[in-house]
Amino acid sequence: MTMLRAERVTLGYAGRAVVHDVSLDITAGGVGLIGESGSGKTTLARAFLGLLTPISGNIWYGDQILKKADMRKFRKDVQPVFQAEALDPRMRVGASVAEALAVRGSRTARARVPELLEQVGLDPGLATSRPHQLSGGQRQRVVIARALAAGPRLLILDEPTSALDVTVQARILDLIASLDTERLLITHNLAVVERLCRTSHVLFAGRVVESGPTRDLLANPAHPYTLALRDAVPKLGGPPPQARGVTEAVPAGTGCPFRFRCPLAAPECERPPALREVRGRQVACHRAEDVLATGPGSAP
Amino acid sequence: MTSPQETTAEVPLRRLLPRVPDRFAALGAVLIVLIVLAAIMAPWLAPYPDEPRPLEGSLPPGAAHWFGTDQLGRDVLTRILYGARTSLSIAVSVLAVSALAGVTLGVVAGYAGGWVRDAIMRVTDVFLAFPALLLSLALAVVLPPSVTTVILAIAVTWWPWYTRLAASVAASIATRPYVDAARCLGVPAPLIVWRHVLPNSLTPVLVQMSLDAGGVILTAAALSYLGLGAQEPTAEWGLMVQQGQTLFTTNWWIGTFPGLAILVTAFAFNMLGEGLRNALDPRARKVT
Amino acid sequence: MLRYLARRLGQALLVVAGVVVLTFTVMRLVPGDPAVAFAGPKATPEELDAARERFGLDDPLPVQLVAYVRDLVTGDWGVSLHTRQPVRDDLYLAFPASLELVGAALLIAVVVGIPIGVLAARYKTKFPDFGVRFGSMLAVSVPVFWLALALQLLLAGRLDWFPVAGEYDSSLDTTSPLTLWTNITVVDALITGNWPILTSTLHHLVLPALVVAAYPTGVIAQMTRATLIEESGQDHARLERALGFGETSILTKFALRPALSPVLALIALVFAYSIVNGFLVEAIFNWPGLGSYAAEAIRSRDTPAIAGVTLLVALVYVLANLVVDVLQGFLDPRARTR
Amino acid sequence: MIEVRDLQVRYAGRLVAGVPELDVGAGECVAIVGESGSGKSTTLLSLLGLTENADISGHVRVCGVDVLTASPRRLREIRGARAALVMQSPQSALSPATRLGVLMRRALRLHGVGSGKDGRLDEIMAESVAAVMLDRAILRRYPHEISGGQAQRFAIALAIALGAEVILADEPTSALDVTVQAEVVGVLRRLREERDLALLLVSHDLALVSTIADRVLVMKDGEVVESGPAARVLTEPSHPYTRELLEALP
Amino acid sequence: GGQVRGAGGTPQPADGTGPAARQTAKANDSTFVYAPNLDVVTDWDPATSYSNEIVALSNIYEGLTRYNFQTREAEPRLATEWTSADGGKEWTFKLRQGVKFHSGATMDAAAAKKAIERTIRKKGGAAYIWDPVDRIEAVDATTLKFTLKRAAPLDLVASSGYAAYIYDVDAVDADGKTTAGTGPYTIDSWQKGKETELTLKAFEDYWGGWTPEQYRKVSFRVTPEITTAWQLLQKGEVNFVQRLNPQLFEQAGMTDNVRTARSPSFQNLLVLFNTAAGPTKDVRIRQALQLAIDYDGLAAALKGSGSKASGMVPEGLLGHVSDMEPKPDLGRAQELLAEAGYGPDNPELRLSLTYAQGDEDQKMLVTLLSSALKKLNITLQAKPMTWSAQWDQGKQQGQDIFVMYWYPDYPDAYSWFLNVFKSEDEPRFNLSYLKDREIDAAIEKLPELMATDALKADDAFKDLQKKIIEEQAAVAVPYVQTYQRALTADVKGYVDNPAYPNVVFFYDLQRAR
């Protein structure tokens, strides 16, 4: 059974929807969320964390609607890992971690801090430092330690490493991979998704355009956007990345939101495509079959 | 990629002060310390008791009375020293009251958002629409003129500025990941505001307060000047200027020195505030 | 943009409503019977009752508030207790003079403040910057009533460069009478080509306008400097530098326009502030504006007049803010899509 | 086009960038890679004399001008006109209140390009925009009205219009989406081939660099730890740090 | 459409060919500029006017008589002579002939009767001065006969600066476009709120006629700040400043082109002690307070803008006593306080005092008094208030000490006694709350004495003052205000008449060259 599930949620700010009618299960084995900048990934993550109430649709926590669920239990089960900015710049990092423990009523909050810090590979002596005195990687580890303090079953990770140097990124990802929690991972890095998430969802302009098993999905995309995304990633020593179509700003309107950038756009794309099952995958594209046909050419 | 930048709003003032490179701020701080000392030490520093000697008349500045004496034969220097107490206590009280009220409301508005913010901000707008001096005037008419009235009247018009400032800072703080993180941990909202939002919103407020101190002293002086503030025989600079005003051509010293005292004090606070603001963020400003 | 305007307008109306209620409340809190103020110090009880009746002071407060709002909307702002004229007429007479004074002051403030702000930003941390910062801080710290006295004594009294007081030489009323259109002397003199009055008014205007301009000049210079420094530290300034533009042209060609947007917001604020600040100056220069009127109203506890002035200034503030919001759209294209 | 010898840039006495040797010829592409704070940007900016209050020593020639000794005037003449800069963040690098066309026109006038008849000026502008595959309608837009990729391409168009021979790009695509990044990189590659532009590229993305650069400099803590042809450096790294960088790649 | 500023004025071409330029060289074509510190006109109706506009209306309107403060008697104005009969209960005035109103109508007894009756009917302003009048008859065109309910000095009443004007009732214009008086000046232009608020011009048909040296044009230039007024005067931009402070006055005395004039007023300061309740109910404390006021220090600080008072009735009025100057005596005050159980070695005494907000002179009194009382272990809680608030509180006996000015509406000392010291069940102006049958009886006898026997009246006044000030100690009278005027030196003929505060009778002035 999935712990968290979005059911046809529409999300937005100040009444303006930015995520439209998305359904998504957080299943075991890691779930990846990829997509263009501004496509609504963070927004969706905030909704899963109960920080944003859907304009319509529901988030299900087990068999309860999140709004009505037992928040104490939920807060214990689900924890976020944001970027390193997620530490109060004024608080000593030890206090930040201790706060997480104290909220759960742990009277020995302070005492457990070193233990947690060690768990994420930090010197417990750093507890008395302030965030700005730490390196980016260390800060990110503190953030993870604090999330773990609650003893969560699910971590929601929103680009946990994108602010870090590549060499540091790798070590943090190792840490994340070693944690025995479920995870929803948001990242731009396709390789990371491939490594950490069994299933993935591709978001474009606030809609899920494709979802399925990660490996499968990247090897043989069924949506032109997934294809473009995959092929645009430069590879060491590989050929220059390919730009497919043009990247004009997306005008609003009905129809497939990707049609202006789609090299395969056809007249039928003026109709909004529905998510449908294509070869074990959910795709929202009228020409998914054609895409599948062109895809493997540049497999990773 | 660049590492996440600390925004100035969150630079703790403490961490900033020792390395304020701004000469103005430093000079302002030194002047303020001197003025505060003068105010505290007034009874010891003052060359004469603050008593009228009407039969002596008004003497020009000289060796005996550096700043001369007023119509009632009171030593102007003495009264300026005592007046520093009045002016400073007005400034401190006004800022304390209005910052307390303003920041509390502002932080709540900024954190809560939605209709709470709208409601608070509309009320704030109404008060803002009254220029400080005018509402103070109206209030000072309602209440009998006195130092307390001045403090109340100015505070009533001053708090909205802090509400606005605090609300805008708090609103941006409220969207920071660390606030989200705290919410996800299940920290209750009042505690989040108290522990995370409030401390991180304070730096700009403190800077604004030091900028405003000069303005408060000027407004208080203006109210006293209009006869709506401090009353005889309280020594208050605005009142002293007002008393000296009609004697400007004949006994210039009676109004000039208190005027200079106001100028120097307001100037010192402005220097400190502007210097701090300059060091912190060239754009943090009174108008939001 | 239209929706934005409509929303802003709605907000403004809400604020005005709040202002009306607040004004009413404050005015009714005044201790001492306004009827006494109207009827005079030695009035008989019958006269007092008559005055009370006339102003509806015996009705319950909510009734009075409703009546007050109705009257305001229909243009009846009450009758001043001390001039015994309709407040609206009094304001109509007094406000243009204040507008003239504050307008001139703000003109000075903008014409002086912005360039010296640019100068300071251009030579940041060098001597001109130091001078501008020092000067502008001095300008915002000086008690305006004190400055007024000092300048009057020095420039008008001792040096005789400017007239001591007055709006224009009133003997011109007979030699070249002014036809009124807007009630603002300078404007009317300009429209009707009445040069004697125009030059006389301008000459009289210099001193008080300088005094009122001190504060806005200071804050505008500070704000211009601060926003320019910020703009010139932005990424786009680096690109402009890389394109070969010099510092001065970066400031004036690229940074100034977006930087003016907050300066404009500031002008709206100091506009209302300066009208009130003018109160302290008008009396000293015999300027026949709102200040003289308000001072007299306060002295004689003239409730309707004080309420009228308060409302007017608040309205001006709200209006100025509206105008600024619209203007900002022109200066900063980003604001339009807000 | 670019010739650097023994460049050392210090802030308050601290060495933040030291480059013993760096040459970029026409039609060449050289990349500087390294982690955050390693001095990549500083190196780049010092080539145009754009560093603020830094002490610079060494020898830098850009388009035949000795940057470190040239007068500010002379420096301003080569900036933009001969050596152009493309920066990381697309929108914030363009003055928000200025239409793109106005910016370009001002820059062209400043360097006296296409002066004389207006028609020539417009022609140049249109051509340069077309060269980066943008519609000329974009010249009437404000920066906030265009997408990030468009903004970056416009920055390149500026360089073309001014007739720059060298493009210095400081992480020109790191704020962009990969799909958009591919496009901007494509434009850069094309220009390099078609116009013989010299390209100095700063990036932290080794993979990206490997697809475009001829030679690579690896920087760490303000020093160049390794340099050489891209193919060699990225396949047989000699410095342990470079190796670490490569291993971190997925 | 536009309207011309100064509408109603007499625009003249600027080229100098207008009537003004054609005047003979000797004629006085300059405008006399008066600098009042407040707006001039608040009420144009001569019946109800009761405020600042007296400075203008006194030159536009005339009464039957005018008070001469030197002779202490009423002098002819519109009435040339008058008699009283029946113990002061019947008065007959003979009116001047050939007097025209500004409206063109003739001033005769019928018109005068109508004017006074209208004033009485309107009940505004100082109309109460006619309260004693029972009936008015226009016996013939020049004879006006009043029958009174009780004796009253009607010749003085008729000289009042308020509510005693004779005007053409059909021509009264509340908007100030036209005037309806008989006086030497009529309105030229009135611009409410402007600096030069009001200008007057000569009324050509004035019964007194005109000579070339007189001022034919007068204007009022509102100048709230004394310093500004002083500077304008020095530059000759204004001719008359109604009030200067002592320092400026002193300076004016030494300035070449400026002349000064000083005259005592009929306005004095009353420090009223609460005789009905509170600590001041004890007469010893009241006496101690009287003795604690530093009269000489105050006079020194006032530097001539006020002079030490003697008794309650100012000099220049019937009833003035010359040997009642108060003397401070802190030692005696301390003794009295000790008897009452207060003073330096006894518990602290707290007294509340209210005074007029914005009045510099009262402020000085308060400052001096509070510093003197501090030495006697008395804390003075002084509150400056606007008149209406102060009065409201006073009517409810809300203070221990009430400070206010008093002046008579017409030159008659009776005003102090009747209004301030006669028992009242609900206090109006009796703010010492004095209730003394004997005093009441003495006050009631005054009018008849004044109308019949001036000498006896004088004694009665003296007696009353002794009772109120010395025995009852209900009041202290620290000083009488002194007017300190300054004029440009080219003005001749200026005499201050304290019966008409701040009024300049422009008709009496000439310009010297």
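Order of writing sets the labels: A, B, C, D and E. Residues in every chain begin at 1.
Here is the rule we use: contacts are C-beta pairs under 8 Å (C-beta built on N, C-alpha and C of every residue); 3 or more make two chains touch, one makes a residue touch a chain.
Everything numeric in this text was worked out from a predicted model, so none of it was measured.
Looking at the partners of subunit B and subunit D together, the chains they share are A, C.
Each chain's centre was taken as the mean of its CA atoms, and the one lying most distant from subunit C is A. If you compare B-E with C-E, the chain pair joined by more contacting C-beta pairs is C-E. Put simply, the C-alpha centre of subunit A and that of subunit C have 54 angstrom between them.
Per-chain CA centroids place subunit A at a distance of 88 Å from subunit E. In terms of their C-alpha centroids, the spacing between subunit B and subunit C amounts to 23 Å.
Among the residues of subunit A, those touching two or more other chains are numbered 136.
Shared interface positions of subunit D, i.e. residues touching 2 or more other chains, are given as 36, 204.
In subunit B, the positions touching at least two other chains are 1, 3, 141, 245, 248-249. Within the complex formed with subunit E, the subunit B residues making contact are 51-52, 54-55, 57-58, 71-73, 141, 144-145, 227, 231-233, 243, 245-251.
Against subunit C, in their complex, subunit D makes its touches with residues 48, 50, 76-81, 84-85, 87, 89, 92-98, 103, 106-107, 110-111, 142, 144-145, 155, 158, 162, 168. Contact residues on subunit B toward subunit A in their complex (touch as defined above): 1, 3-4, 6, 10-12, 176-178, 180-187, 195-196, 199-200.
Across the complex, subunit B is touched by residues 225-227, 230-231, 245, 247-248, 250-251, 294, 296-298, 300-301, 303, 357-358, 360, 363-364, 366-368, 370-371, 382-386, 389 of subunit E. Of all residues in subunit D, those touching subunit A in their complex are 35-36, 133, 146-147, 149-150, 176-183, 185-186, 189, 204-208, 210-212, 231, 234-235, 244-250.
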